[in-house]
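The same subunit A turns up in both complexes below, where it pairs with subunit B and then with subunit C.
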Partner chain A sequence: MPLAGTPSSVRSDPAARTVRVPTGRGARPGARAGARRAEYLAPYALVAPAVLVIVVLRLYPLVLGVNFSFTGDGELDGTAVGLDNYVTLFGDPLFLGALRNVGLLVLLLPVAVAIPGLLATFIHLRVPGHRLFRGVYFFPAVLSPVIVGAIFNLLLAFDGPVNAVLDTVDLGPVDWLGDPDVAIFAVVGVHVWATFGMALVVFLAGFSTLDPSLLDAARIDGAPLPRIIWHVIIPGLSRTIQFVVVTTMIGMLTSMFGLLYVMTSGGPGGATYLPEYYIWIQQGQMSRPALASAASTVLFLVMVVVGLLQISVLRRSGRAE
Partner chain B sequence: MRNGPLGTVALAAVLVLVGCGSAAGPESSPDGGNKLVVWDWKSGDPAAAAYVEEAKTDFARKHPDVTVEFVAQPFDQYYTLLGAAIQAGKGPDVMLFNGGGQLRDRVDALVPLDDHVAEDRDRLSGWDAFTEDGRTYAAPVTLQGHPIYYNEELYERAGLDPDRPPATWNEFVSGCTTIREKTGATCFALGNKEGIGIQFFLSGLGSGALTDQEYDDWIAGPRNWTSPNMRRLFQLWTDTDGAGLNNEGANSTAMFNDSFALFSSGKAAHVIGLMSDVGHWKDFGEFLDPGDVGVMRAPVITAGATPSLPYDGGIGYAVARWTADPHLAADLVRSLTSRDALAAFHTGAGAIAADTAIDVSEAGPAAAAIVSEIESGEPALHVALSSTTLDLMGRLSQQLLSGSVTVEEALSQLAASDEGG
Partner chain C sequence: MRTGRWLAAVPMAALALATVYPLVFTTNVALKTRHEYVLDRFSPADSPQVDNLATAWGSVGMARYLTNSLVVVTCAVALLLVLGSMAGFALGRLRFRGSRTLYLGCLAALFVPFQVVMVPLARTMAALGLIDTRPGLVLAYVAQFLPFTIFLMASYYAHIPVEIVDAARIDGNTLFGVYRRIMLPIGVPALISVGILNALFCWNDVLIALLLMPSAENRTLMVGVTSLRGQYSDDIPTFAAGVLIAAVPVLLVYLFFQRHIVQGVTAGSTKG
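So, the complex of A and B:
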């Protein structure tokens, strides 16, 4: 953050100084010194609200939360219990399952990025109806997860339309939300469907920076579409792809609660638990807020790792520029 | 106009102060004692409006200078919000609870009401669900239980006598086979998406599977999870699904209200439902002819078992530890459980009220059948369990249906959780 540079640039602005010199009277040296001190303090005062909001509303509660995770629940409320909550947490197959599902999300990330990337490519290459698709693809992004979840609850119900269609081609009914091996993929699939519109827009913005002469040259040379994608589009969009990877990952880790809540309630048998759902259950349903704090702390650490990766990726792309 | 730097500093300071102000917590109830705040998830429901009005009137007669504010919270978030209030040590003076684990987990935050509600003890039923270690922490408003409802019209179409529902498990299963053949309806409507289908199954059929002694021991604890009869009950949970007695996809069918809709639409012959609120005689009577909604006792699974209606106190009002005047708050609880108020709740919301002297003759044969069973009824098996064990049981029940855990493994995990909790 270029804090140090700001005061000098303020002071060196001749126009600003001219305005602040009192007119009609001679500028006294004391007043000028006061004005200079105020000018020097101004940038700190300007960042103070933001800093205070972060410290008071973010960092302080965070520290309280971490501190709270070292205390007990129920009868032990307020008593220091050391690392007991973390021991409980890592001995709880449900929480470990939730962390495994986080790992699964990371593995599914390339798919979640490739889908909007591929569709944006088609739109950029002006497939017939590309204007319509551009709007249609973005449409789910404006729906709330609860509505999306409710829609797919109906579509994916055991006696719902998706299974009815599968039945006509003898693929038999699939218990999309009731089979522990299928449910997490169903929920992630719906999440990707609901959110890829935003990534698509980012990709389209990235395409606008792509040099069209490169594409034209490849076409003239007779390169087929897969080779154009691999050798021209992907290298040209590397920074966009990095950005989409990071934002999609964060979206998957922190914004799936609504869908889980509506579609599976973490089930069947805990197969679709994610840490944030676990936190909610422990705090709200099990009345174990300290354990929930410990789980929050672990989720926070996971997010810190993702956040640091984000920073390093953005830095690297910044250097590339 | 341009502000000088000092003006900017002042503006920033004001913004910071405003920001801090907006970060302050929600307003807590005043300690003055002239206002009581009640949290529940009922008072916003139009069906409960007459009940709230009756209770307020009754309380105003005793304490004309005290105002009562009802804050209706969304039920989904209720215990989360309450948990935050308890953690902060301030919040409502009086609050609504479900009986059983939800209350027992939070008795540290409540005032024992035994001295305050002594006069109501005989008039109301369902106290056990609000009692922990011999102390009563809430007064019951409704009774909640798990009658087995059956569709008399389907019985008739299948050539079975609707007035003589099956008394043993074997009769029950063979009746179901006949119904399936003649009408296409499944035996049970089961929704286990939330993992609570097992609670209804355990309590609804438990009195037919456990001997009287086993039943009483279970309620008193410590519980024997691996007794042959309990194992049989869990085996039946798996087997009924495997044998196609349930609707397909039970793990992805929501109990509220998809499974109840299956019963209401005649696609299933039986459902283990509730007595009050939802999924009960009144709901079913809106779709089926109220005269076709039958209530049966649990079929006898183990010879010598005595089937009974499983029920407990459903919802009840408790007094928070931090309230300024527990006497005053307890008086409000008494008004909320007065006969007139409960009669209004029965009429408006179709609940079986905790005061069983209230006339239910207008409500149809199913409600009358349920009320007639209350005297011989027993506490429901699952209400004795902690919320941690119930949560685990919900997940294991789903795994049992999907075949990813065996009955033995499930029971040993449940025994460990029950012992630890």
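So, the complex of A and C:
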């Protein structure tokens, strides 16, 4: 049973297109005769366990962590130290390197979105073998970053297959994970390899909401593909594109730890540090949890910017509809 | 357009090959002897043998790691589905004082990545005596993936006609009875998708498990894989075999449940 196969389909219901929670009036307890206290409290009982878990283990630790970032480490544990941790943080070449790498990720973001977008376009246009392509492209997305990283440790080895392929065209060999200028690109490349299938299926879901007559009309008019993409597909899929941009960015900021841990350990010489790896090292290896909390707070601020961006995007497209 | 399609199919086929090849290469290496690997790592294995698989399985405690992963993931997913469907029904289908605020609070938690709360969370877990215990890891996974689960379940239940709830209540069901007798069965298709997706998330995690399960005997399978490299740094075929063993369960899940996984992934996108 598909998710969309509910009594009222996802696509036909306008409520599905906004973030607003559709409200069921029928369950208002006050409207019923003999509104018993237990029934009045019943909705709260249903949400209570979930809310408890989220508040205690997600939202409260956030407050705790920000608070913690203004205290000291080691002997100064629990003592207020003002902005000391942040001063240390922005004086640490490793953290600055991690932020520089975040900037690099932002620059690479259009590529990471365009690749699955273009592939989805071709699959939607029913390129020969499109069903097979869709199934194959998606499969690395289900593999753990740890597995992916381990596999690419073998592939990107100095005497591994990638360099062997380059050798046949008289290029390389490249020290993919050992050269500080190359390593971060190698890791990001592997991340894109492992996740582009995720964005691809999201794009395909977006395509299925696109009015097919528009595409047909453009093709009958003989418009070349780049113009179809620019004038029909991109405007028609703007919501999907925005969704993919935000989720890809969040993915890059928060789900590369496994790859870094397995492939480079942040090396060589700290060249592949990202904030999440820095937090892990300071907390786990260096016993500097307060400093790690400061780095967490900085990462959170970055995430808030991304989140606000998405909310404003949703508002805008909500109004457009 | 027709020739254009074939032109596009060629690089796409090459990309498909590049998508599959890493796993094929790893499998092939895992089937070689060490000697054969050193001589030529690319040729198909001469006489494919499973010794490496047996070695990797036997010597590094993979069986133990696998049990840890299975137990923790099963408990976490079960809890996620129960809590997520209860809250999803209440927040998606009912209106009560504060329901909107609670729903927005759950959504806000979606934007709090684990990396941001991991330091204080580890402290809280230690204070509760849950570090290095399975219940602790289960709880951390539930906290991590519950907002997403609630979001998907709430948007699913939002499309169930409210008349169903009304009719059931007129028949004398309590609200909890409506949840248990009607909403839970109706929610099964969504629960399957969300459950499989959550199982993948938990199974594939390494950061949370590394942080909360420091001792070697409590490692999950993915943490176990990270320790393989050090153990077999001079025996790549056995290393590859260990990686392969760890990848197989997920590949099986993918083969059987691809449709559900894709539905879970895309359900969030069509709703914004």
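Here is the rule we go by: the second predicted complex is superposed on the first by the 268 of 321 C-alpha atoms of A that agree within 3 Å, B and C clash if a C-alpha of one lies under 4 Å from a C-alpha of the other, contacts with A are read in each partner's own complex, and residues count from 1 in each chain.
One rule holds for everything that comes next: contacts are C-beta pairs under 8 Å (C-beta built on N, C-alpha and C of every residue); 3 or more make two chains touch, one makes a residue touch a chain.
Keep in mind that this is a model prediction, so the values were computed, not measured.
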If you stack the two complexes on chain A, which partner ends up touching A:45: first (subunit B), second (subunit C), both, or neither?
both
Can A:86 be said to touch subunit B (first), subunit C (second), both, or neither?
neither
According to the stated criteria, A:53 is in contact with first (subunit B), second (subunit C), both, or neither; which is it?
both
Count the residues of subunit A touched by subunit B and by subunit C, then name the partner with the higher count.
C
First, second, both or neither for A:64, with subunit B first and subunit C second:
second
Examine A:139 and indicate which partner it touches, taking first as subunit B and second as subunit C; both and neither are also allowed.
second
Considering only touches as defined above, state whether A:283 meets subunit B (first), subunit C (second), both or neither.
both
Go through the superposed model and pick first if A:158 touches only subunit B, second if only subunit C, both, or neither.
first
Once chain A of both complexes is superposed, is A:179 in touch with subunit B (first), subunit C (second), both, or neither?
first
Subunit A positions within both the subunit B interface and the subunit C interface are 19, 38-39, 42, 45-46, 49, 53, 56-57, 153, 159, 280, 283-284, 289
Given the complex with subunit A, which residues does subunit C contribute to the contact?
1, 4-6, 8-9, 12-13, 15-16, 18-23, 25-26, 29, 41-42, 83-84, 86-87, 89-96, 99-100, 102-103, 105-109, 111-124, 139-140, 142-144, 146-147, 150, 154-156, 158-163, 165-166, 169, 174-176, 179, 188-190, 192-193, 200, 203-207, 210-211, 222-223, 225-226, 228-229, 236, 239-240, 243, 246-247, 250-251, 253-254, 258-259, 261-267, 269-272
Residues on subunit B engaged by subunit A in the complex (per definition of touch)
2, 4-6, 8-9, 12-13, 15-16, 19-20, 23, 77, 79-80, 83, 86-87, 105-106, 108, 193-195, 248-254, 258, 387-388, 391, 394-396, 398-399, 401-402, 404-405
Taking the touch rule as given, give the residues of subunit A at its contact with subunit C in the complex, in rising order.
1-11, 13, 15-19, 21-29, 32, 38-39, 42-47, 49-51, 53-62, 64-65, 68, 119, 122, 125-129, 132-133, 135-147, 150-155, 159-161, 164, 193, 198, 201-202, 204-206, 209, 219, 225, 239-240, 243-244, 247, 250, 253-254, 257-258, 261-262, 275-276, 279-280, 283-284, 289, 292-293, 296-297, 299-300, 303-304, 306-307, 314, 317-318
Along subunit A, where are the residues that touch subunit B in the complex?
19-20, 35, 38-39, 41-42, 45-46, 48-49, 52-53, 56-57, 74-75, 77, 94, 153, 156-159, 173, 175-180, 183, 264-265, 267-270, 280-281, 283-287, 289
